[in-house]
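Read through the structures below before going on.
The following pair of complexes shares a single chain, chain A, combined with chain B in the former and chain C in the latter.
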Partner chain A sequence: MSKVKKNKIIFWFIILSLFLAAPQVLDNYFVYLLNLFFIACIVSVGLNILTGFAGQVSLGQAAFFGIGAYTSSLCMIKIGFPFWLSLPLGGLAGAGISLLIGLPSLKVSGYYLALVTLAFNEIVNLIMIHWKDMTNGTDGLNTPSPKLGEFVFSSDGSKYYVIFLLALFLFMAARNILKSKTGRAFISLKDSEVASQSVGINLGKYKIIAFMISAFYASLAGGLHAIALSYIHPQDFSLFRSIIFLMMIVIGGLGTLRGPFIGAALFTLLPEALGKFHEYQELIYAFILLASIIFLPSGLIRLPGRLAAVTRKV
Partner chain B sequence: MFLEVRNLSVNFGGVKALGNIFLDVSEGQVRSVIGPNGAGKTTLFNVISGLIRPDSGSIIFDGEEIIGEKPWEISKKGIARTFQNSQLFITMTALENVATGMHSHICSGVFSSALAVPAFRREESAAFEEAKRLMEFVGLKGFEDFASSSLAFGQQRLLELARALATDPRMLLLDEPVAGMNYEEKQRLALLLIKIREELGITILLVEHDIKWVMQVSDLISVLDYGEKIAEGEPMEIKKDERVIEAYLGKRRKIA
Partner chain C sequence: MFLQVVFSGIVVGSIYALVALGFILIYKGTNIMNFAQGEMVMISAYFGLMYHVYYKIDYFTSLILTILTAGLCGIMLERIVCRPLLKSPVMSIIIATIAVSIIIKNIARLVWGPIFYPFPSAFSVTPFHLGKVMITPKDIGTIVITLILLGMLYYGLQHTKIGAAMLATASNQKAASIMGISVKRVFSITWAISFGLASAGGFLLAPLVSITPEMGDIVIVIFTAAVLGGLESLTGAVVGGVLLGIISNLAGFYISTAFKDVVSFLILITILMFKPSGLFSRGAMRKA
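For the complex of A and B:
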């Protein structure tokens, strides 16, 4: 084994140990924030596959996030399924619904998917508000904590392990997919649709696969969101949330493996850091988006490189 | 016949791009289609590769009608192509571009890729080995890890060719393969085409402006002008054909 490879393994081993030890040493509040961060990571890693790699824009990720949250919560509350079954069911529900909207809207090229998903988000949100018998409307739902035998995952620290391990698994899976023929097909769609067809890639099929993966990730993250907060409310799944998901990957770095993490961290910490300036949140987000598009069009992930270039010039 | 184009017509909003074109290409041939700008050469390619639906006519490839098939289905049947202005996957490395060409020959789906099962790993490394071999075959050894956008123009054309070969085609459509190449590169490509035909047994149909080069590499040449075929024959016959000389150079001039 080469020395570089060995060092790399040691580096990741230390990072992994730090993350596994985090709930033991950190304050509950920070563990809760880490939970929100990993949930945001799952959504943005999935969305990055669709938007950053395959070049298709979705403005409806919050709807899938919500579909996952409500499906898994309702499976637990109404049917009494265990969390471990409800969570994947939520993911599958999101993926299934994405197939239904993806089929007609991805057959046509351009920005249809963005428009259709935007409308879809509004519809799903309205259903959450008005289907009171099922969703409890704007009173929201109390999601029970996962159980394993006698053990109840009620503390932030115990939920952290569920969320962190699933996020880690989903990140590795995304990385592997991007290195496969499926991943190359996604990138080829963004780079040149004609060339991609000419080497035998079925455009519509791969657009739909990318959309389904992103919806699956968002829905699983939604199920985790429900247990992290123990409470869900239609407002968590509004169009504004979809826009924030999109901003995470644009500001973090579209089409990069690690960009989504930076975006997810930024948008998890910002609302907390804003504190009493909370009312100006949307204004501040707009400024951040503008500034990043003007000064860092390829995302915060490229910031070190840009800084190095600037200092060299000086 | 390997490829039979029958009575093909294409109109763009009332403007005739191709009118009643007939073209027969037999297996193992290097066939060129020449003609002045706007003669309909690229349109012909776009119809064969499924990007444009013709108004009428039929194209039989190896006994099967291919009009109405989608471009990726035509690629799977064994027709690969390159483009006039190169259409590389610019955010990939050179080697990844070629590996993408092997799309249809890799079986691992989304789930086995996501879990990185051993069969997937084996298949991936075999695909990249083959891609490396193809890059060497076209003369791009050593450029595997270059960003495809950083390659010189002539190399980009070769990379597109390697990517097309990666689909394991039986017929290759080359759209102006030597445009922008210098003399030396043109000669190298001529040799490469011979290798492609002799070693890989691939039939070649190409569209080109450089008549001297076309004369050198082709078995048969078809000449288009204003969407119609005005002549067809071996290079020596085409050189002397009055209608061809007229279409190309105007009257009373000879091709060098």
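For the complex of A and C:
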């Protein structure tokens, strides 16, 4: 084993143990924020596969987030399934429904696809609001905490381990997918659909796979969101939330492995940092987004590189 | 009753048509899908409110002032946001215009708050009967103003130099610039006209609904109207707008008012899934 590789392993080991120890040392509120951060990371890592790597725009990620949250909560409340079964069911529900919305992507892309996913998000949101018998409408749903035998995961600290471990697993999976044949197919698809087809890549198949993966990630994150907050409300899954997810990956750095984490951290911490200026939150988000699109189109992750280039020139 | 519902559908639909037309102008002319078009309708309604109700300027002068203000906004937006992004991928443009729409909406929220402002119409609302249909002068006024604006736009595009330059740029930017047309200037004019149309829509829509910052949600209706018409043709946008006005009015009346919103989304998804080139086109659509 080379020295570099050894150092790398030690580095990641330290990071991992820091994260595992976090709930023991940190304040409850910070643990709660970390939970939200990891949930946002899961969605944005999934969305990054679809948008950043496979090049398909989606304005409907909050709908899948919501489908996961409602499916897993309702499985627990109405049927009495344990959380450990409800969560994957929520993920599968999202992935299943994404087939429906992935199908138009075979025919359309770019602007058209943005419109389809946007309309899809709005329809799902309206169903959440109006199907009162099932979703309890705008009163929201109280999600029970997961249980393992006698132990109830009711504190933020205990939920943290569930969320963190699943997130870690999903990040590794995403990384492996992107390094596999499938991941390479995604990237070539983004660069040129015609060229990919000419080397025998089945466009339709890989577009649908990308859609399903991102929907699966978003839905699982939705299930985790439901237990992290113990409460879900249709407003959590509005179009604006979809836009925030998109903001995360764009500001972080589209099509990079680590960009989504930066974006997720930024958008989890910003609302807290704004505090009193809460009513300006959306406005500030939008200005940040606009500025970053115009001045830093490749995302925050490239900021150090850009700065270095500028200083070298000077 | 059916005819009555259809008629009021046409009245609303003519407003949709105006705004959808502006939307298509930008899309065809500059290749940018402007997600902020709905917010422009909303903020223009506030401009109208400012001119007509606060400064007590008469109805038609306020309408013209509103259109001019919005046109100026269009030019500014094109300069600040869209010109730097001309060569960017579709994704960046979508996000940038969404950011603009959020900014406009929040400015409206901060300035005017969540209050409903009623907006008076210049025309009386005392109805008269035409067969079984009740018609108010307000309805007639809305349709007539729409027709006048459409006529002006048609004349401008077909019979003026600027119109010819716009059409030329829309069909081939490179060729147009070789022929000595300043493409940048055409873009500015296109945005100005498009926002002018949106603002006229907002001004006419304001008396029908009350003005709130949420009025910009009309953008979905605009998308649907434009997609119905095929996203490529100006006539299509007008027909799509009127058609959508009628359909959503019928759905609202015969099914339920909650269904009025859903129907628009459903049409949007269905058309994009099965006939993305729109209802009326025979040719192939442009991808992306």
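Definition applied: the second predicted complex is superposed on the first by the 310 of 314 C-alpha atoms of A that agree within 3 Å, B and C clash if a C-alpha of one lies under 4 Å from a C-alpha of the other, contacts with A are read in each partner's own complex, and residues count from 1 in each chain.
The rule we apply is simple: a residue touches a chain if its C-beta (ideal position, glycine included) is under 8 Å from a C-beta of that chain, and two chains touch if they have at least 3 such contacts.
This one's a predicted model, so the numbers in the text were calculated from it and none came from an experiment.
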item: Partner chain in contact with A:Arg306 - chain B first, chain C second, else both or neither; value: neither
item: Of chain B and chain C, the chain that contacts the larger number of chain A residues; value: C
item: Which of chain B and chain C A:Lys6 touches, first, second, both or neither; value: neither
item: Partner chain(s) touched by A:His278 [first = chain B, second = chain C, both, neither]; value: neither
item: Partner chain(s) touched by A:Ile177 [first = chain B, second = chain C, both, neither]; value: first
item: Residues of chain A defined as touching chain B within the complex; value: 173-174, 176-177, 179-185, 187-188, 190-192, 194-203, 209, 213, 255
item: Chain C - residues contacting chain A, complex; value: 33, 81, 84-85, 88, 90-92, 94-96, 98-100, 102-103, 105-107, 109-110, 220, 223, 227, 258, 261-262, 265-266, 268-269, 272-273, 276, 287-288
item: Residues on chain B engaged by chain A in the complex (per definition of touch); value: 49-51, 70-72, 75-76, 80-81, 83, 87-92, 96, 99-104, 106, 108-110, 113-116, 120, 124, 127, 163-164, 166-167
item: Residue ranges of chain A touching chain C (in the complex, touch as defined); value: 51, 57, 59, 103-104, 107-112, 114-116, 118-120, 122-123, 126, 130, 240, 243, 246-247, 250, 254, 279-280, 282-283, 285-287, 289-290, 293-294, 297
